[in-house]
Each structure stands twice: as structure tokens, then as C-alpha cells.
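Structures for review follow.
Look for chain A in each of the two complexes below; its partner is chain B in the first and chain C in the second.
Up next, the complex of A and B:
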């Protein structure tokens, strides 16, 4: 019993902070999302409505933003997998002497301030940016290509930001692939590509899936990079929530969007953790 | 013995991708030394003017100061609260440890912008928005999961028998924790604290809803000034951040083998 009392004493301070300034604020967002908003009058406090949620599904503009967010999540995840797998493979299977430097080069951008990384892409991609200047100078194009404030810029920037997470997840799972199995297959005459397809790839599936879920969830939640590389016009769900609160002051719509986004991320994380538990039980 | 090794094509592609990861960093550093506000190849001329401008501009200096104070206070508070709570959970001193651990990690599952707007509405309602303590508490909420994650991993990875041995030999529980447990979990905690510091230093989605006019942090300053257009000052202050990150990362690697904890 003494143990329980000191346990509660150790736990209580953090639990209180999280209840008072995380759980309660989130719960208090619920009633806001069912209020009506009228421009000029603000939030109308008598009566409830589910219009804010219906709007997300029926309003053309909202639907476009939601679909774009999901689509960006899928594309960025795919790109991270495609670019990340060879890097992870080189780290785990390449020359051991390169290993630490390569890992550090993957971690470094991860630890670097997100705003700085996004700013770097602005310097590269904007109309008078490095890439356009270079292409114009060597005479490949006459007018600058539109690389920013659209899908291109967003895809490049977000892939760059979340690639390190994918690489680190894949490294962890590649390390668990027993090399004897691959060697056995090679001895029995399998080609390198066949070994990769039939052994390495399936055995790293858990890493591929957890890395993909992480990158997808991070991408659909991202605010900073989409705003810096997408501008005020090319919106995703997070930037729309930001504008509903800061510019339009339509808090009810913002709250409904917030819940929809949070519901999506929590559901995906919950489903994936259930899935991995079931697999662990099978193995 | 035939080993599966990456071939030439795979290796070259992977190295290109690693270069892609460093590309914005290289460009920002070059831009900060360039005379023109837009970077060209080759650069039009070299200058240190932008650094002088940033280091004498009170807006930037203030933002750096506020960011550092905020990140250090939030990380210290997160460390104390997070390690205490993790200890109670890892040693099964309280029931429902798995559910409790997920609750402490929950801020990671909710998009930061959602936490931001929820706090904006709540702290405005209770009249605490704009206070610096409010901002520190908000940063504890978003940084503490990183501390809890590394503390739980380190605590469950260590041998409990060592702690018990200290207790048998007459140490009270706090002394046993301080002299035996703490040194054993220290590398993990250093890594967790570094993550917490980085997360606080770069946070925009929560800070931007809560910070008062005099509490503009460095990332908020860069984020909002970029909307006005690219200025070399931003490149210079970014270069300072790049150098600081590089130094801290290399030191952390030397002291604790940081890459094992990522």
C-alpha cells in the first residue's frame, strides 16, 4: 500500500498537468464544434447544430481540402518508402565503416529546426529561387517554373521532412532480417532480385507498415511546411484549421475540422497498434 | 559465402537521396553568406553583413532569448515530471500502467495544430492566454511524451536487482534512485531531453496560438517573416541554428552514442 501511495504521488503532478491543460481543453472543443457561427455576430450560443460536420462532407471547398490532405499523405508516404528503402539498405548492408556517418546524415536534418528546413526549400524552389535561376541560366527554360505554392513544392518539402523517420524505421527492421536465410537462398541459386523480393521485402514488412503509418499521420497533421511551401491559397486540413481560428474567426468550423483530423490520426494509430499486436501473437 | 550487398546502382541512388536530405541545409548556409537576397550559382559575392544585422537586431536577439528560456524550462520541467511518472509506471507501483503510459503519450497522437486551437480556446476562457507560464505548460504537454518514451524504455531495460541491492544495503528509495538508477538511465534521458529541447525550439503550431506579442519565439519569427518574403536575415539566423544543431548533435553522439536512441 505504501508502494501505491508513493506511486500515485510520483504520477500525480504530470497527470494533473495533462488533464488540466491537454485533456480538458480538447474536451471543451466538443461543444464549440456543434455551435453555429454567423459572420458579424460570432458564435451563436443558443442551440446546437451538426452543420459544421456535414459541411466537411458536402461543401465542395472543404471536400477538396480533405481529399487533397489524404492524397498528399498517401503520395508522401509512397515517395518516402521509395527513396528511404535504398538508404536503409545501404546503411544496414553496406560497408560498416560508412554506417555511422550515414546514420548521422539522416538524423541531422531530423534534429534541425523544421522552420529552417522549410525555409531552405523556399530558397530552392521559389520563382527567383536557385533551381529556377539555374535552369534559366543554362537556357533550359525562359520563364520560371512554378515549383512552390502548389502540389510540387508541397510534395518535395514534405517528403524531405519525413524521410528520416521512414529511413530509421526501415533500418531497425532490416537489422532483424537474419542473413543466413538470404545466404541459404543464394546458395540454392536464387538471383539477388529474387532474394530481395521473396525474403528481404516480406521480412521487413512490419517496418514498412509502421514507417508508412508514421509518415502518413505526420503528413496529414503538418502545419508549418504546408503553410510555408503551399502559401495561403493551397490549403490542407491543418492550414485550414489555422485560418478558421486566426483569420476567419469561425471557431465552430475550425473545431469540427480539428476533431475530424484528430479522429483520423487517432483511429489510424489505434488500428495499426492492434494490427501489430495481432501479428506479434501469430509469430 | 555470398553476402547480400547493395550493388552500385542502389548505393549511388541511396547516396543521392542522402544528398537530397542535406540540400536545403547547404543552400541556406550559402544564401546567408551571399550578397544578393536571392541565391544564385555562382553567388554574386560574399558578405558577413547579414550576420551582423541579425546579431544587432533586438527582434532576433529577443526571439532567440525567449526560445532558449522556453525550451530549457519546458525540458527541465518535463524531465522531472516525466521521469517521476515513468518510474511509477515502469515499477508497476500503480494499476493500469499500460493505459496510463498511453495517456502520457497521447499528445503525440493528436495533431499539434488541434492541441494549439484547443489550448487557445481554453486559456482564453480562463484568462491565462498570453502568460509565459501558460506557454511553458503548453510546451511541457508537447515535449513530455519524448521524455516518457525514453524514460520508460531505459527503466524497463535496466536490471531491477541493482536497485534492490542498494535498498538491501540500507539506502532509502530516493538515495537508491539517485545513486544507482539515475546513472544507469542517464544516456536514455539525455537523448530524451535533447528531443524535448528540439521539439520545443521548433514548435510553431501550439506556440503561435498562445504566445503574446512580447513572446515571439525564433521559429514563429521566421515563420511569419517568410510570409513577407525571403530576407537574407532569415538565412543568417537559420545558419546559426544549423551550426548549433550540428555541434549539439556531435556532442550528444560523443557523450551518449545518441544514434542508438533515435
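Up next, the complex of A and C:
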């Protein structure tokens, strides 16, 4: 058992990095977010305002982006789970000779740069891209389908990019499910579906939850892929924050948005870890 | 142990010394990317490095990215000389982040057109570009003559315009707004007019070079774009031509400035002087298909056909950069909320 002191020592390097590169910058955002911005003149440093936060709640454009970001996070997480679970199951329970090639297949996309992977999707999905050209050539459609700069393109791109994280988390938790519990259920006459529903699924709950948190958080904070596959038309919170900072030079609004996003993320992680404890406790 | 410590101190000091020495010789230039950066290298950086022996490192970004970086590092910029459109240069000058360019230290200053200089000489325009109509001359045989031609149903689904975050985006919005009777403070007529065009556009481009591949793949026949980019693409074989609408194209003045806190001000000024030099200006204009600010420059016919000259320059809509930096955030907000939705 690790005692408190050595536990703290083990944590110290990571904690220092986190404090220096995450906590302090985040706290530094707080004052900026309560300032007013005057276009053409800069940030006004006398006086405080909560307008930047009120705007996020009252401005229907901001609200649309916030809701869209959350919805995107939930959809991508759901898709990754649906697509990832069978793959993880196959890796753990399938023929052991396939295990290495399958794991390699899952990990391989992670070795490619994010920009390259996103650009690949642009080549495939654009109006004169591979998919639309193929569909037009075989006569299935007449006008190109809108596959990019909307929810479709974003779902495809983000699901592809974050699927490996989900699969790896699920593999780890599936490996921990003792086979004899399932075998016991089978000898007692459970169907294969019932075994999966009543034993395998609840026992992999911690993996499902942690994989989902990971994918959700990565999705709602993703910048590069939404910028490339969403264009200027389909904004999410990360791209909006980027625009407030880099294009409008309105740092106070950007800071308020960043802080809200960070707060929402922490809240979600806290809620889900509570959920995990409960669910795992029941299982 | 003690000896080790001394060794480490010596090593650290040595390292710090060598870093300091290296940075004194270096000049960091904030520049736009793409062919612009290549031509800056060929016409400005190469002659400068040859003349001074210094090394120029470029840091690529858009005007707004460079402006954000200068504000973030206020008074201690990592860049020594920066290219930025005049709307952003004026904002940086207002925030007191730029040094005054000492004309007495710039040997080419007398040859520069007078309206190239910013207020208090905090920046100087380095070239004259434009936002205008670029079309595929193989597909469109009658050259467009008005901004209204872009709204012609026969081009529907074959048009691209820029997002408001790029220069051509807000400049096109300003031009259409003026055509429709709006003012810089009342952008509603422009927004209403552009909305359907933006919805039908193949793409609202955010990077100027995206348009090249759209023309290449035949996705578009006509665009609101820059003659300089079109000229470079045409010289590589794309059948592109520039048309200057009768309402007036919109002038672009990319400027050059020096952020406060620059380490070697004289070297930075020397680089600005190199940019303003007639020979280098001609070199850049010819390669980049862009107008020059040096009165002594004579351009070749191929470049004259593409860049705004004579009457088109006089007819040009030149927007007040101070006013633009004040209204642009509001335009962007309305664009995001009304055009993009």
C-alpha cells in the first residue's frame, strides 16, 4: 500500500505540470473575461462587467453553438461506442492470432497527423470529392450530396479520429471480465444475449464510462477537425473561441467562452465519475 | 558535487550566451503564407540577407493572427517586422504597440506614394492589392462588369466568396453594401443581398489558396478573389482573368510595421527600407501580380493586365482602416448570425 507521502511524491511531477500549464493560465483568464472590449481600441482595463457571460446565455447564436457542441459530443460518443464495442469484443474474444493485426489497425490512424487525417476526409467528402464523384458516375445521384461543412461531415470525421481511444479503453475493460462468470451463467441456461446483457455489459461499465468521457471531452474541445470539416459555416465552441481571440481580437468574450467550456467539462467529468461509481457498485 | 554545479552553471551560461548571440543576428518576419511568402523570400529576404549578412526567419500567419500575437506579447514581440493589412495595423497603432518609422533612416522614403503612410508613420503600405472579380475565361466569354453579375442565376452553384474573417470577405460585403445603398454603420442592405449568394456558394473560403483548387477541379467559374493570387495561378496555367466592376473594386493595403520592444531597431528599419526599394518592389510586383507603392516602378504588360492601374485605381473603394477596425467585429457577428445560418 502506498502511503500518503509517497503518493503525493508520485503525483508531484504531473501535478506541477498541470498547475503550471493548465490551472494558472485558466485562472489568468478569469479577470480578462470580466473586462469590456471596445473594437478598434482594445480591452478596456477600468471597470468590470458580467456581460460576456450573460451573452453566452442570452445570445441565441452563442446558445445554438453551445447546444450544437454538446449534441456533437453526445453523438460522436454514441457512434464511437456502437462502432467500437464490437471491434474491442473481437480483439479480446476473437482468434488470438488476429489480435495483434487488429490492435495495429486500431492504433495505426493515431500515428498520422490530425491535419492529414482531416484533409483526407475533405478529399473524400467534398462536392467533387471521391464519394460524390463515384455516386454521380454510377448514376445514383445527380447533384453532389452535402457531406461536408455540416453535421454529417463533422460526425464522420470526429468519430473516425476518436474511435481508437474508445476501442483501447474497451479492450482494457473487456480483458478484465472473468470468463468463468460467463461460463457459469451459460451452464445455468442463460442465452448468449442474456449473458452479454446481464454480465459482460455491466462488468465493462467502467470502461464504457471512461471511454465515453474521454471521447466526449476530446470532441467538445476539438479545434482542428471542426475547423477543417465545418468551415466557417458550422461553428462549435472551440472554433468560436478561436475566432473571438484570433479574428475579432475580442479576448474578453473568448475568455468567458473558454472558461464556460472548461467549467462544463469539469462538471461533466465529475458527474460521470459519480455515475461510474454507482454503476460499478451495482454491477 | 561542487564541481558538477560549477560545470552546469558554466554550461547554462554558455548556452544562454550563444542563444543571445544568435538572436541578435536574426530578424523575425511575420508574413502571410503561400506564394506571398515565397516571393517575399525571393525579392526582399534574399537581397537583405546578402547585403547585411543577417538571417531572416519567417513566421507565417494571417493579419489577425499576427495582430493577436503582437498584443499577447505586448512590448516584447517575438517578431521584428510584420506584414498586416492596414485595418489591423491601425488597431495595433491605436493600442500603442508599434514604433514610429523614422523616415530619415529610410533611404527610399521619398519615392513612396504619400497615402501609403499610416498616421504618425506607425506603418507603411508595402503594396497595393484589390478584392475584385476573378473568372474562368474559358467558361465565361463576356467579362463581368458589375458586382451584380455574381448574383446572375446562370452562375448559381459555381461561385465562391470569402468568409468575413478574410479580407475579401468583409471587403466584398462593404462593396455590395455600398452598391445597395448602405453605409459602414448600416450593413443591413449588404447582409440581406449577400445572404442567398453565400447559401448557394460552393464554399466560403477562409484561406485564399483554397480558391485555386476550386478553379482547378472546375467546381467554380467565378469568384470574389484577389488579382495577385489569380495572376500567380494564371502564370501556372489556369485560364483566369480579372474583371474590375464598375462600382469599383476594393483596395487592399498590406502594410509593414515594427512592433515595440524590437531588439535591433536599426536592422528592422533596414529591412523595411529593403522592402520599399524600387528594384525589390518591381521584383515583388512582377512575381506577386500586385501594385507597387514606389513611384519609380515600371511594370510589365502581363502584370499591368491583372493588377489595378490608372482608372481602376482611381475608381477603387478605399475603406478607412480606423473605421473598419471599429465596425468589423459587429459585421462579423452579424455575418455569423445572419449569413451563415
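FYI, the second predicted complex is superposed on the first by the 244 of 283 C-alpha atoms of A that agree within 3 Å, B and C clash if a C-alpha of one lies under 4 Å from a C-alpha of the other, contacts with A are read in each partner's own complex, and residues count from 1 in each chain.
Please note the rule applied: contacts are C-beta pairs under 8 Å (C-beta built on N, C-alpha and C of every residue); 3 or more make two chains touch, one makes a residue touch a chain.
Predicted model, so just to flag it, every value in this text is computed and none were measured.
Chemist: Looking at A:151 after the superposition, I want to know if it touches chain B, chain C, both of them or none. Which is it: first, second, both, neither?
Modeler: neither
Chemist: When both complexes are superposed, which of chain B and chain C contacts more residues belonging to chain A?
Modeler: Counted on chain A, the partner with more touching residues turns out to be B.
Chemist: So in the superposed three-chain picture, is A:128 touching just chain B, just chain C, both, or none of them (first/second/both/neither)?
Modeler: Both chain B and chain C are touched by A:128.
Chemist: Touch check for A:115: first (chain B), second (chain C), both, or neither?
Modeler: first
Chemist: Of the partners chain B and chain C, which touch A:106 in the superposed model: first, second, both, neither?
Modeler: first
Chemist: Looking at A:245, would you say it contacts chain B, chain C, both, or neither? Reply first, second, both or neither.
Modeler: So A:245 meets both chain B and chain C here.
Chemist: Touch test for A:205: chain B only (first), chain C only (second), both, or neither?
Modeler: Touch status of A:205: no partner.
Chemist: Taking the contacts chain A makes with chain B in one complex and with chain C in the other, which residues are shared?
Modeler: Shared contact residues on chain A: 128, 232, 245-246.
Chemist: Touching chain A in the complex: which residues of chain C?
Modeler: Answer in residue numbers: 64-65, 67-68, 71, 90-91, 94-95, 163-165, 202-204, 206, 217-219, 322, 325-330, 332-333, 336-337, 340-341.
Chemist: Going by the contact rule set out above, which residues of chain B touch chain A in the complex?
Modeler: 1-7, 10-11, 13-15, 17-18, 20-25, 27-28, 31, 38-41, 81-82, 84-85, 87-89, 91, 93-94, 100, 103-104, 106-107, 109-115, 117-123, 125, 137-138, 140-141, 144, 173, 194, 198, 201-202, 204-205, 208-209, 218-219, 222-223, 226-227, 230, 234-235, 238, 241-242, 245-246, 248-249, 253, 258-259, 262
Chemist: Of all residues in chain A, which touch chain C in the complex?
Modeler: 37, 39-42, 61, 64, 127-128, 149, 231-233, 235, 243, 245-250
Chemist: Quick one: which bits of chain A touch chain B in the complex? Just the residue numbers, please.
Modeler: Listed in rising order, the residues of chain A that touch chain B are 3-4, 6-8, 10-11, 13-15, 17-18, 21-22, 24-26, 28-29, 32, 83-84, 86-87, 89-90, 93-94, 100, 102-117, 119-124, 126, 128-130, 133-134, 137, 160, 163-164, 168, 179, 182-183, 186-187, 192, 195-196, 200, 220-221, 223-224, 227-228, 232, 238, 241-242, 245-246, 251, 254-255, 258-259, 261-262, 265-266, 269.
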